[in-house]
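What follows is a single structure, written as structure tokens, with notes after it.
The chains carry the letters A, B and C, assigned in the order they are written, with residues numbered from 1 in each.
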Amino acid sequence: MTSFNKSNLLHFGVLAGLVILFFILPTYHVGVLSRVMVMAIYAMGFNLLFGYTGLLSLGHAMFFAAGMYGFGLAIKFGGFPVPAAFVVGVLSAALLALVVGLLALRTAGVAFMIVTLMFAQTAYLVVLYFGKYTRGDEGFILQQAERSLFGLDVTTETGRYFTAFTLFAVCFIALAKLVQTPFGKRLVAIRENEERARMLGYDAGRYKLYALVISGAVSGLAGVSYALLFGYVGATFSTVQYSIFPLLWVLLGGAGTTIGPFIGVLFMFYLIDISSGYTNAYMLIAGVVLVLLTVFAPKGIAGTLKARVFPWMP
Amino acid sequence: MEFGPHLMLASLEGAVISAILVLTAMGLSIVFGVMRVVNVAHGEFFMLGAVLAWYITTLLGGHPALGFGVALIVAPLLVGCLAAFADRVILKRINYDPDRTIVATIGMLYIIQQTTLMTFGPEARPVEAPFNHRLSLPWFEFGENGFAMTWPWGLSTTSYKLFVIGAAVVVLIALWVFLTRTKIGLIMRATQQDSETAQAFGVPVGQVYSWVFGLGAGLAALGAVLVVPIQQAHYLMGHDPLLLAFIVVIIGGLGSLPGTVIAALLIGMSDGIISVFFSPTLAKIIATFLVAMVLVFRPQGLLGKTAP
Amino acid sequence: MDAMNILETKGLTKIYGGLKANTDIDFKLARGKVTALIGPNGAGKSTFVGMVSGRTAATRGRVFFEGEDISHLPAHSRIQLGLAYTFQITSVFRGLSVYENVELAAGRTLADRPSLLKAKVNSVLERVGISDRADQIAGDLSYGHQRILEIAMGLAQDPKLFILDEPTQGLAETEVDEFVALIRSLAGETTILLIEHNMKVVMATADFITVLDHGMVLAEGSPEEIHKNAAVQSAYLGTNVDA
């Protein structure tokens, strides 16, 4: 079997597995999985920029929040129907990513990390400053009636699970295809050796900007999905912590692999879920995992599997 | 209170903020300058210094000056040793690779912060100042009766705040002497200039790095011990100093020590003054955004040299 | 501009912090020929090709490629016009396979025609003799093979002008011979600008030679003319011909 067929099989196997799990898992875990799939969209968006293009942003929470608030505020104050608000949310994130990209991509390396961190911090403070509309840290709730998508009730366990599943599946397959296109391969080339890519005639700056905009839009879509499915919009999602999470997930699962982000989110969710039963200092686990990963397994779970066992893995 | 006295009060507050900030930012700047390491856990070393100060003063009891004096020496030393240990165990292993170092220090941030939460709890802990006399300040103006000295109500500071400013100046001078007049200081600066050449000349760069990382963390802890009688110790208190120190180091030019001092004064004073007169959130928004723009358009810092 | 010349520079100058690395270089490159750029260490050869390819910004002066002024184009646009560049210090995509490396090089123009792309990559790998290593990770190749891969990446772009910066540096004697044969086989197919220390290689491949010294053109001419030129002799004296 060719590696192309194997990777297709892997991708559809994961999706089929998620459908089956819905019918065999207890309700509690179905709820967790819905959340995991939404956050996996976020992680996949981050992965396109970090894992494939080699750009480490420490401010992705601003894109997640742009999607979330773009969607939430369009419903709350614009009176938009859900599908239109959905588009508004994703476009807000993409536009923000475009502006941030035009500025931040003038820098590289450590400066890029700090600049994105600073922009995200600015965005967080802006959310707090306009507390009259955003309700700041407290956030606001989107009522069940405000969240009907084409007549579908996304507040039931089933509706929520399969909406999350559909959004996840679309992003998962689309991004897996994208990184196999010439465009995706050029992003990898830039990650591997930007100067070389430029001296092969590729406009590295433009490719990085495209990657950032797509990455921001997908992260924003995750924010929209969260607001849609869980009915909550709040400033917590624009804090530094939510910029660190996707980095943690992607590193844990395996940067630059299609399946890594999902694995990372799944592991981390259950790790925190279990540990928060014992202590309120559950972020300690996140810290320990980050340090252990950087020192011992910089390729993450999927990356290590790919290097040691399944070289065909996408 | 009138504008003049109000401004003077704000400037005094700004000077106290500057004093703490200059120590914290110096630590960050030295670590970046010598090791090229962006230490995201720097704020947690600050926090640890404050919490240790509380622990030591509570443990010793007695006159507040006793515990405070001990804390002033012991807390920075302990934090410095911990940082040097972390450098050996973590950063050295990943060869100071820039990306991985940032991720590792983010991990360290959570480990330190959350361990503190588990052991010290979520409460804010006060530390009593060793001395705290209220000092009323005079104001001079030309009134109808010519030059007059008045004592406006509310225009006052405390002896402790003046001590903080003085202490920061003393530490800065000591640091300057250490870096320019002692052998280990010279070795650190040689490593900063060119670590490969330094290594070729037999400088144990690995050990120097551990020392520098410890020194940087120790400076943050020292700043925290000084601040803790004014601001209580809390496990989340590292966030703001980290951000401010970042801002200072960027404005001052990454790794430039004189630039760091000037920028700390600038930022500390304006933070003190702005937050007295304006909405603190708006001031923070503008400051954060402007700093990002400085990094985008003048990566060598506002005060750095223009040469590439 | 002379239609015979694919590349011309006029008054090309680079000043690094007050030091002149290149001074007013007027240079003409004949189409379809192999031209070698030689000169002692520090003569400014790499700076010169850096300014031609766009990697280094010129302090002043102009670069014309096929009669067009390309002085203000960024590097990637110059490459798109048909200029290929191999690095002095090997610079391949170390984490990718040999095949993927060449595919990226050829893919700029052929990416939307997969069958043509595949044929191109395979023929280039065949030509330089590393098709048996197509699936190896580039970073795992020996140094000599990495240099060959670097040249393959240049060839895969079907360049009108191929700039090779010290291609034989660090190669073994037999590998150098293979390289000379490869350059000879390319003669007539494309224009080659070769920066080279090894005089044996230069004499065996070049149609024309330009000598740089202290950032200025010292002499130009056929290999025979250069060989007899007294100024060149003295420039190399004491700097040890590096051959």
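Heads up, the rule we're going with is that contacts are C-beta pairs under 8 Å (C-beta built on N, C-alpha and C of every residue); 3 or more make two chains touch, one makes a residue touch a chain.
Computed from a predicted structure; not experimentally measured.
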Computed over C-alpha atoms, the centroid farthest from that of subunit A is that of chain C
Could you name the chain whose CA centroid falls nearest to the centroid of all protein CA atoms? A
Ranking chain pairs by contacts puts first A-B
Centroid spacing, where centroids are CA-atom means, of subunit A and subunit C in whole angstrom: 43
Based only on mean CA positions, could you tell me how far subunit A sits from subunit B in angstrom? 34
Centre to centre, by mean C-alpha position, how many angstrom separate subunit B and subunit C? 52
Within their complex, state which residues of subunit A touch subunit B. 56, 58, 103-104, 106-107, 109-111, 113-115, 118-119, 121-122, 125-126, 128-129, 240, 244, 247, 251, 279-284, 286-291, 293-295, 298
Where on subunit B does subunit A make contact in their complex? 38, 90, 93-94, 98-100, 102-104, 106-115, 117-118, 122, 239, 243, 246, 250, 279, 281-282, 284-285, 288-289, 291-293, 295-297, 299
Counting only contacts in the complex, subunit A reaches subunit C at residues 182, 185-186, 188-189, 192-193, 195-204
Please output the residues of subunit C touching subunit A within their complex, sorted ascending. 53, 55, 74-77, 79-80, 85, 87, 91-96, 100, 103-105, 107-108, 111-112, 153, 157
